[in-house]
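Consider the two complexes below, in which chain A is the common component and chain B and chain C are the respective partners.
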Partner chain A sequence: MGSRASSLLREEEIEEIKKETGFSHSQITRLYSRFTSLDKGENGTLGREDFQRIPELAINPLGDRIINAFFPEGEDQVNFRGFMRTLAHFRPIEDNEKNKDPTASEPLNSRINKLLFAFQLYDLDRDDKISRDELLQVLRMMVGVNISDEQLGSIADRTIQEADQNGDNSISFNEFIKVLEKVDVEQKMSIRFLH
Partner chain B sequence: MEDFWAMVLAGLKVWVCLIVALLMVPAMFGFSLGISETYMKILVKILEWATLRIQTVNKAQQILKSSSFNSLVQRDDGSMEEELRGLRRSRPKPPVGGDFTLSDCFYFYRRGIEDIVEDEVTQRFSSEELVSWNLLTRTNIDFQYISLKLTMVWGLGVFIRYCILTPLRIMLASIGLTWLVIGTTAVGFLPNWRLKSWLSEWVHVMCYRICARGLSCTIHYHNKENRPRKGGICVANHTSPIDIVILCNDGCYAMVGQSHGGLMGVLQRAMARSCPHIWFERADMKDRHLVAKRLRDHVNDKTKLPILIFPEGTCINNTSVMMFKKGCFEIGGTIYPVAIKYDPQFGDAFWNSAKYNMVSYLLRMMTSWAIVCNVWYLPAMHQQEGEDAVQFANRVKSVIAHQGGLVDLSWDGGLKRAKVKDIYREEQQKKYSSMVVGSEEDRSGNSD
Partner chain C sequence: MPAFSCAFPGCRRDLLVIVLVVFVGIGLPIEASAPAYQSHGTEGSYLTNVTNTKKAFPVLAVNYKHVRQPFEIALWILLALLMKLGFHLIPRLSGVVPESCLLIVVGLLVGGLIKVIGEEPPVLDSQLFFLCLLPPIILDAGYFLPIRPFTENVGTILVFAVIGTLWNTFFMGGLLYALCQIESVGLGGVDLLACLLFGSIVSAVDPVAVLAVFEEIHINELVHILVFGESLLNDAVTVVLYNLFEEFAKVGTVTVLDVFLGVVCFFVVSLGGVLVGAIYGFLAAFTSRFTSHTRVIEPLFVFLYSYMAYLSSEMFHLSGIMALIVCGVVMRPYVEANISHKSYTTIKYFLKMWSSVSETLIFIFLGVSTVAGPHAWNWTFVITTVILCLVSRVLGVIGLTFIINKFRIVKLTKKDQFIVAYGGLRGAIAFSLGYLLSNRHQMRNLFLTAIITVIFFTVFVQGMTIRPLVELLAVKKKKESKPSINEEIHTEFLNHLLTGVEGVCGHYGHYHWKEKLNRFNKTYVKRWLIAGENFKEPELIAFYRKMELKQAIMMVESGQLPSALPSTISMQNIQPRAIPRVSKKREEEIRRILRSNLQNNKQKMRSRSYSRHTLFDADEEDNVSEVRLRKTKMEMERRVSVMERRMSHYLTVPANRESPRPGVRRVRFESDNQVFSADSVPTVHFEQPSPPSTPDAVSLEEEVPKRPSLEADIEGPRGNASDNHQGELDYQRLARCLSDPGPNKDKEEDDPFMSC
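Now for the complex of A and B:
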């Protein structure tokens, strides 16, 4: 139970998170409640094992990649701000945000940032391109033992062939965006939060 | 000085006489003096008043309480196939090789993030959150000063619960348990006449009634005509050790479990003297055949009491029913399902064994307002032709869930402590693979 959890989150922090992520006040307190219930060690941060305790996530073939997205390079604990920042990518894009001031920085849940999030899940070594090896590894995670190496290899080859435009046998972020330009990213990479 | 002690002694005598007359005698003979009913009525009125006060103050201050009762996310209940088909609509299907697109992963990412925000399983292992505060500190999610009157009522409540009710309850519980040990041991010395079993049942029920008063339990039994009979197996959803007290107030059951040492061991051995229970050594519990054999022997002997089993294997927070272990459904006896639903307004009965040990749990029970619950006896069920134990177990589980208004989950209650088995992830991978390369039948159909 949350018990006194929400009193540990100060109003100023809630305001800052609101500005950074766009979540509403009540959403932030609810998510804080969730954060503390996952934090079994009660030290204000989540480790990888805290996420793996969620059974539905543990059986997700890409569960490990999703968990990894919460942890910045080299770290293995995430605090509430980092947690919210990652979740913010999945906030739906509201109409009034589309007409915002173009000089303001890109909100975390814009189409570009959602695509960047997905790109980083493929890009295992964070070198800004998806190599054939990386694609194979992610594919292997998704299909398990059910598809042979050769077939998986040819699927990877074909995917890179379709996306690659500059002939370097890997997919850069711009090529990634081009391939997915017809996909309704706004809807497919968003969660409908209530309240 | 002596006058003072004489007064104290006299006071104690009066106190004990009151306890015996007002609580123990009705418990022994099964009638009620209406004291607890009056207490409950007053309590309900006070809680309603408190809820109203909190709501009016919240409205006045325009505090938008995020209702933790509802979900945080609205999910698309589409299957993997539907979702992936939707994702792939924007490109033509490739002729051969494998149907994969870079956007396939969106489905898994979204599901994963939804599960991080809110999942069906981990919430079952902690106490349910209440819709409105019930004047107990432990359920207060957002401490906020509402009004002086409310704080005073809360303070009065604390005083009554801790200083008046708790000592009374502790005394009753100890009397109940001591009497159980003495009574069952005494009955155990009698030879095996019919009188022995009748006496044994009476002693058991009486002691459980005293224990129930010791927790201020108010139990409503429904459909008593379906009560479990001898030679059957009674299965129920599990929320706390108090479930046993609740069920045994209205009938006698044979218990199944691990034999413990210490106080529990004394209790277990005493109970076993007056009528047969099934206690296992820790090592024997792993031997499934041995367990099944002993259960089967007990069930086949029609003079023995119905066995009480909780197939979930662990305590769940009474908002859902989790996977039933198939062991007792393979025996072949008649299954009597029972649904138990506690009213969380008066006291949270769930035992969170990770957070509280048995003693602190019992103290929490004794410092709540009361334990109120409903027990539904459901019609007997048998394993049908062509139905295996797992299907039978699921059928019984859904009947219990439906009656108790609980969510029917197939997740294993053991996930409280253990990791989920890899086989479930492999199922997901297999499902996805069939969407990439087609199922076995498609492939064999297309091969040359």
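Now for the complex of A and C:
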């Protein structure tokens, strides 16, 4: 499969993406046209500069991290499959999906996977923990440059202290889930467009 | 308001005086002037009498007419509040019966009593209701409206409010008209427009009743905001429909043009109300920017601007309730950034107080009016009305939810739908609107009776049974949660993430527009409406600061904060002193200075905490924070003592010195102490010391000249510390380098107190 030079999407590919991500036919075609409009080089893959051209990402404090999330480990180009795979996390959860076959693997847009996606945006070194430094980096990106390091540091400490249960001074994925149990993640991490 | 913490009788006295002043001040449009003039008249005649016949000087005289008006008002309010008090003293009662029911019963009793005496019981005057009793409740609701859930569900709320109310009106009006056509009922004279008018009055969900009942059942946020939001926003529809049908009923015929104008009127009324509210809201925010020198009157601005918004929109027949809500919502973020903490508490408590009094009075008056009002009872009509109310509500909710769920991410479950339908209570607004009907309508009394019956049914039956039903159906309850910095951070993080992903998809959705609004707010609006430099403060920081403040104050007030408050602020604030030699005398002085600085900053901390008052719930205790503080304190005490020990150790150099290079040791010693802070003053330790009292001192002095070179070894290009002050700075820099390895938990822990 890999990258395709042609700009047409074949039926079997649509079927595969449908099975993997759960998007409907129309959604896949819609997103494919978006993909091609972003793909200025017309080589069937997107590079980082294609994403950086999107104005909303340029002004977004987390822009770089979001862009990185689309690219698999170590690669510089993402094809349509990868693009869809990442976007699948933001699909709203359907009621009927909850009763699906429990032995099948968790769909990409389940609550756990959504949280995992968010967690991995914090945890850059993939050690399954959000350390104080990683938290500080994210905080710094979100609040801008006017706040002193000490203040940010104390916020980070307070955050870790609130969430940390096993005393390792960092937030593990389970602690992350626990902290967000009151937040309606299904709604907060879903985009209606992808409905 | 410190009144709340004072002794019981004094409290009520203050409360009474304040409410009294307010009521008198607003100038009740009741027959106010008459008694006043009367009393003047009698006085005048009394004076002339005196000149004619010399009477004995009256030591004690009763002049009731003089104080009649305020006296009666005060008495009513006092009665209402005493009743409320009484209910809460009876433990089981308040758990079973909602307060609103009890108050109506009290009103019935009082009304009955008055009638028995032979007097005319006062009826809930519509003007009194709309101008005095309703605004505080709505302002309280609007000012403290939870914005996030509201904006997330605003589409659903609008659909329920507008389309739901329209459906209710026409369904009920139409079916009632059909009923009236039936000969046996005997209501042949009622025409369609009158029925539709009646339908419009009785179909609107009432915010007062909803608030009163839902407050006690603690239902989950989504359902609460749906019902409550609907009750607030349907005011526009009600106003338009009511005015429309009244006009049509006068004329008698309806043309297509009239209908079209009606629709236009709806948009004008609602958008106009929103506009008026927004204007006053911005005015209030702008005014609050300049109130830093006149903190005492800050709350008044909030109240008066809101009230003006309400009155202005009522003047133009726009939706006053929407104006009030929008005004509160718009001004809140800016006003809260500008006003002092005391003012914030004052506003909060005054609003709660006024709305509580209003609500109590409304329900009692409802009861009294029931006894007083002229009634025309018609079994069929009344019973049908009640049944139709329920039926149309249920049908409306189910139908609309079916459509709405297609557009929602989080669907409304059957349980949610049930509570939304069941929670559609009618209340005093319907009664007042009915009362406003001019006597032209021959059916007025019948309508009033029907309205009262519906209100009673919804408040009593639905109000009382909703709580057990909620328990029975195991509907999700409100999750009690403390403000958590984690949730704030992660929610903001997710917002940014979603905005970004929406950008990638090319979809201009919810997050996109929210982000745009935020950015607009930050760059343009905030700098005009927020005083000083505060407008640059990111929301996260403001949230954190408030949270820490609340906790520090809570701990101080609960007496848990130990007197020896640890604080490395003391370390950081000490001026670096240039002390060339450390003699024994000096040693004492240094110790004393350190101690006193520690003390000073303890005082500063305490006064800073006490300077802001806040009211908090007992269950906001955060044990973790407490433990952390104690731990920090213990650490600090330990370290102070260690430092002292080391100081004495150092200054009274012990006999056995293993290391031939005290310079290195000195460096290590310094880096150990750097645990305190990078900028700290342990420079005290590093002066060119030469305690002459010990024999080994000689060896130290010998080492001294070696120091610069040692320094040079450890840290590259560094000038010789000729100037002591320079030397201090160098040592500091050196120390910082050595202690730089990374996050130092102990250092940071004390910062919350700094950032307070």
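Rule of thumb we're sticking to: the second predicted complex is superposed on the first by the 186 of 195 C-alpha atoms of A that agree within 3 Å, B and C clash if a C-alpha of one lies under 4 Å from a C-alpha of the other, contacts with A are read in each partner's own complex, and residues count from 1 in each chain.
Throughout what follows, contacts are C-beta pairs under 8 Å (C-beta built on N, C-alpha and C of every residue); 3 or more make two chains touch, one makes a residue touch a chain.
These numbers were taken from a predicted model, which means no experiment stands behind them.
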Have a look at chain B and chain C on chain A after the superposition and call it: clash or fit.
-> clash
For A:139, is the partner it touches chain B (first), chain C (second), both, or none of the two (neither)?
-> both
If you stack the two complexes on chain A, which partner ends up touching A:161: first (chain B), second (chain C), both, or neither?
-> second
Contacts of A:92 with chain B and chain C, given as first, second, both or neither | second
Name the contact category of A:60: first (chain B only), second (chain C only), both, or neither.
-> both
For A:112, is the partner it touches chain B (first), chain C (second), both, or none of the two (neither)?
-> neither
Of the two partner chains, chain B (first) and chain C (second), which one does A:186 touch, if any: first, second, both, or neither?
-> second
Now for A:169: first (chain B), second (chain C), both, or neither, which partner does it touch?
-> second
Which of these chain C stretches, 507-515, 615-623, 633-641 or 741-749, gets into chain B when the structures are overlaid?
-> 507-515
On chain A, what residues does chain B touch that chain C touches as well?
-> 31, 34, 37, 51, 54-57, 59-63, 66, 87, 90, 118, 121-122, 138-139, 142-144, 146-147, 151, 154-155, 158-159, 163, 179-180, 182-184, 188-195
Within their complex, chain A touches chain B through residues 1-4, 6-7, 25-27, 29-31, 33-34, 37-38, 51-63, 66, 87, 90, 117-118, 121-122, 138-139, 142-147, 151-152, 154-155, 158-159, 163, 171, 176, 179-180, 182-185, 188-195
Chain C-facing residues of chain A, complex = 31, 34, 37, 51, 54-57, 59-63, 66, 70, 87, 90, 92, 95, 118, 121-122, 132-133, 138-139, 142-144, 146-147, 150-151, 153-159, 161-163, 169, 179-180, 182-184, 186-195
State the interface residues of chain B toward chain A in the complex, per the touch definition above.
-> 64, 66-68, 70-75, 86-87, 90-91, 94, 97-98, 100-123, 126-127, 129, 138-143, 411, 415, 419-420, 424-430, 432-434, 436-437
Chain C residues touching chain A in their complex are 152, 407, 409-411, 479, 481, 484-487, 489-494, 496-507, 509-512, 515, 519, 536, 538, 540-541, 544, 548, 624, 628, 742-743, 745, 748-749, 751-752, 754-755
